[in-house]
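Have a look at the structure that comes next, please.
A, B and C label the chains in the order they appear, each numbered from 1.
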Amino acid sequence: MGITLAQLASRLGCEFDGDATCQISGIATLQDATEGELSFLASSKYRADLATTAASVVIVAAQDRDACPVNTLIAKDPYLTYARAAQLLYPDDCRAGGIHPTALVDERAQVDPSAWIDAHCVIGPDVTVAANVQIAAGCVLDRDVTVGQNSRLMANVTIHGRASLGERCIIQPGAVIGSDGFGYANDQGRWVRIPQVGDVVLGDDVEVGANTTIDRGALSATVIENGVKLDNQIQIAHNVHIGEHTAIAGCSGVAGSTRIGSHCAIGGHVGIVGHLTIADGVQISAKTFVSQSIHEAGFYSSGAPLEPNAHWRRNFVRMKQLDEMAQRIKALEKMVHELSNDG
Amino acid sequence: MGITLAQLASRLGCEFDGDATCQISGIATLQDATEGELSFLASSKYRADLATTAASVVIVAAQDRDACPVNTLIAKDPYLTYARAAQLLYPDDCRAGGIHPTALVDERAQVDPSAWIDAHCVIGPDVTVAANVQIAAGCVLDRDVTVGQNSRLMANVTIHGRASLGERCIIQPGAVIGSDGFGYANDQGRWVRIPQVGDVVLGDDVEVGANTTIDRGALSATVIENGVKLDNQIQIAHNVHIGEHTAIAGCSGVAGSTRIGSHCAIGGHVGIVGHLTIADGVQISAKTFVSQSIHEAGFYSSGAPLEPNAHWRRNFVRMKQLDEMAQRIKALEKMVHELSNDG
Amino acid sequence: MGITLAQLASRLGCEFDGDATCQISGIATLQDATEGELSFLASSKYRADLATTAASVVIVAAQDRDACPVNTLIAKDPYLTYARAAQLLYPDDCRAGGIHPTALVDERAQVDPSAWIDAHCVIGPDVTVAANVQIAAGCVLDRDVTVGQNSRLMANVTIHGRASLGERCIIQPGAVIGSDGFGYANDQGRWVRIPQVGDVVLGDDVEVGANTTIDRGALSATVIENGVKLDNQIQIAHNVHIGEHTAIAGCSGVAGSTRIGSHCAIGGHVGIVGHLTIADGVQISAKTFVSQSIHEAGFYSSGAPLEPNAHWRRNFVRMKQLDEMAQRIKALEKMVHELSNDG
């Protein structure tokens, strides 16, 4: 799809400088862009690339417009405007409504005629698929699943019931929603399975990464609120509750019944133990071990620094002696204090 | 399914107080339960909820029976009795034996007539599926796979051979069993693949979480003994051996040839390096890095505490100085000792 | 397949001692091998097993040939020779070219007649599958995907476009290649999706583990160079670049735009934050948190030691006091220095 600079500026509600009729057909970085492509300057560290860019148009903040030798779109937040421009220039690839002849749709399922169900999907009983939903090949929606309008499931997604997805959700390939939670009682050393019968509820605009797993609740629901974004390979255990517009990066895990607030930003490989409460607006850096509740907004971390292995080995051993070291410091302080008084 | 209190008590081998004819049709938490539902008091921290619960019956320990205003089931371990009650009230949803017309079963496969093979499954040569097995849509059992009776595979599970699953196993969606292990020899900087030809053997009552992966052995077998429970997104490398009734929480990984004992409880995001031995009865807390063998039962941990980022940054730097700090303490002790003797 | 010792030695370019006509049909460990099987001595810690092995032939280094009571193959690097011998004795199980009747191949796809597309695969428009490729059941190659000759995709792999795989790649079950990266701009607390339109490019001889995920680039490409080996459950974010012959163990994650050099060896559960540069020839031990670029080849680590939980709790608390402890040591040094001068 092509669009002129003037049209793009109008769609994005931006001012522009330069040739209103300039055709734009794609987006690239300042370094890679060629004629007909839009680029953006979102960080001052790429400012030097402005001078040499071959982009036809660059999205810049007002203070950078004069430094840009090519056409510009002026934006308060160039990165956000790039996101919106990219949505215009690369619209989702949607199929017209219908059901592929190799897909199986149970007679008790309800599929809106505008939804597309691709090859080899299995849509079980009491599944409801709303308008304009796109379900790619190989997905299995077991039973008692609801998918809200304009949602998209990529290939090989599995959803077990009872699960409900809101509108405009995007589920990447291989994700599993509604798997049984890890719930067992112990009977003299043997684990007795607790049937997992709760729901999993995803709000609107929830996005779930590739091979991420979200367990259904044990009794009540696992809840992922509106606008939550989950990266790849995340594990969300039963009865977790994640508040609106929280984002979690790849490989993180949240154990059972933990409640995470809204507008949190949680890095990759973070592990959050069960039955905690994380306040709204909490940021957690990558690889952090969250072993206690966080009651106030703020930025939290844990973890040990990268070192050459030989140094690390020496410090590693000392970590086991920290308490002893602290006691020795205390003893020294006492002795030095006495010596000073003696002096 | 509905059941009376008296019937339920009889099936569970419990005493009860109250209306023997009370009908029970579901389970919920003390807070959420409504008429016709069973609840349970498994932790004293929920005791206050007893007074206001709308549950028809509550499973309680003997000492709590008087505090409960509604019908009670008396149990030594209310949580365990809840598990067993839930199994009665929410029986697995099983299909009658048969093979879906879109499933492909190789002529050299043996499928018991009481087993159900759902849509789009592929059952390869020399696969044996025993009585009452349930295999959900999209599963691929490549070849040389044996599935013991009453086992259940959820949707989109992949099993490569040679793999053998015992009886009553449950495999959650997206799990992969029998993938090739990560085995290479190095030839002047290039990795040369070592064909992985060992088996993977799962005992009875093994449960495997969503998107968990279990590699086949390199030469001998990867072994998961009876009653082992693996949560979601766990990685079990080639030639690992996990003893009976051990449970491992989500996102943990066990590297090659490590041998874990029986009755261990291993938290989430734990990393266990290869070629170790972990004794029976070991508990390991979440996020622990297990870099050495554990020879005695007990509770083990590693990891650094959560802190506000600004504090953490200061302490983080010091972790690289630990050995130096220890040396300085030692030097101080020597000097102070000398000063004291001088005094 | 059987082969004589003389034939095997000739194929591997090795000397041998013993019966040239000895038939070999499989490989096993020194302890498990029986008649007709080949074994190997790759580590001196198994030398004692030589005396009692029932293997028909053992691959040994020259210095061990006299200690071996059975036929030997003499190798400079017995482990590497074992790898090559195993490739000869256990050739990949390849199907003749063709397309399973239940597979769907778009009319705009090009599949070489020597390639095998198994049951229920979906090969979308503008997909190119080269000679001798093997694609197992349930794979979905969405669109704009190229698979180089002799590559093998195991069951239930998903590849989204635009993706290009080189020759002789092996993709284990459940892997996802070309999923959308985790890219959002923030608009007053709400995440605005950035369409991910870059490629993912895998070189030759790349191997990808079960349930591993590799995101496509945001604008430019995610690149995995020749000979890279990725274990199971790894997450590779958008625009990551991994250099030739680097190997990464299971459960590790690499955040966006990080560039990893060639010939690196990265352990399991390692987390590497985004926008870093890792030099060639870097080794990183398991569970390390890589929060900064690494500019020189070498062996790097982070992480805290395993301890009995009660000890750990005491040391854990002290980690928050490290900076304070360092200040106290400094103060003590000053005081002791003054006391010494006074003395």
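Keep this in mind: contacts are C-beta pairs under 8 Å (C-beta built on N, C-alpha and C of every residue); 3 or more make two chains touch, one makes a residue touch a chain.
On a predicted model such as this, the values are computed, not experimentally measured, just so you know.
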Item to complete: Taking all residue numbers used at the chain B/chain C interface, answer same if over half belong to both copies and different if under half do.
Response: different
Discussion item. Using CA atoms for the superposition, what rotation angle relates chain A to chain C, in steps of 5 degrees?
Written reply: 120
Item to complete: Would you mind pulling out the distance in Å between where the CA atoms of chain B average out and where those of chain C do?
Response: 25
Worksheet, complete the sentence: Note: chain A residues in touch with at least two other chains are 102, 120, 138, 156, 174, 211, 233, 251, 269, 303-305, 307, 317, 319, 321-322, 325, 329, 332, 336, 339
Practice prompt. Would you tell me which residues of chain C are touching chain B in their complex?
Written response: 26-29, 32, 77, 79-80, 82-84, 86-87, 89-90, 102, 118-120, 136-138, 154-156, 170, 172-174, 207, 209-211, 227, 229, 231-233, 245, 247, 249-251, 263, 267-269, 286-287, 303-310, 312-313, 316-317, 319-323, 325-326, 329, 332-333, 336, 339-340, 343
Worksheet item: In the complex of these two chains, what residues of chain C are touching chain A?
Response: 102, 104, 120, 122, 138, 140, 142, 156, 158, 160, 174, 176, 179-180, 182-187, 189-195, 197, 211, 213, 215, 219-220, 233, 235, 237, 251, 253, 255, 269, 271, 273, 283, 285, 288-292, 294, 298-305, 307, 311, 314-315, 317-319, 321-322, 325, 328-329, 332, 335-336, 339, 342
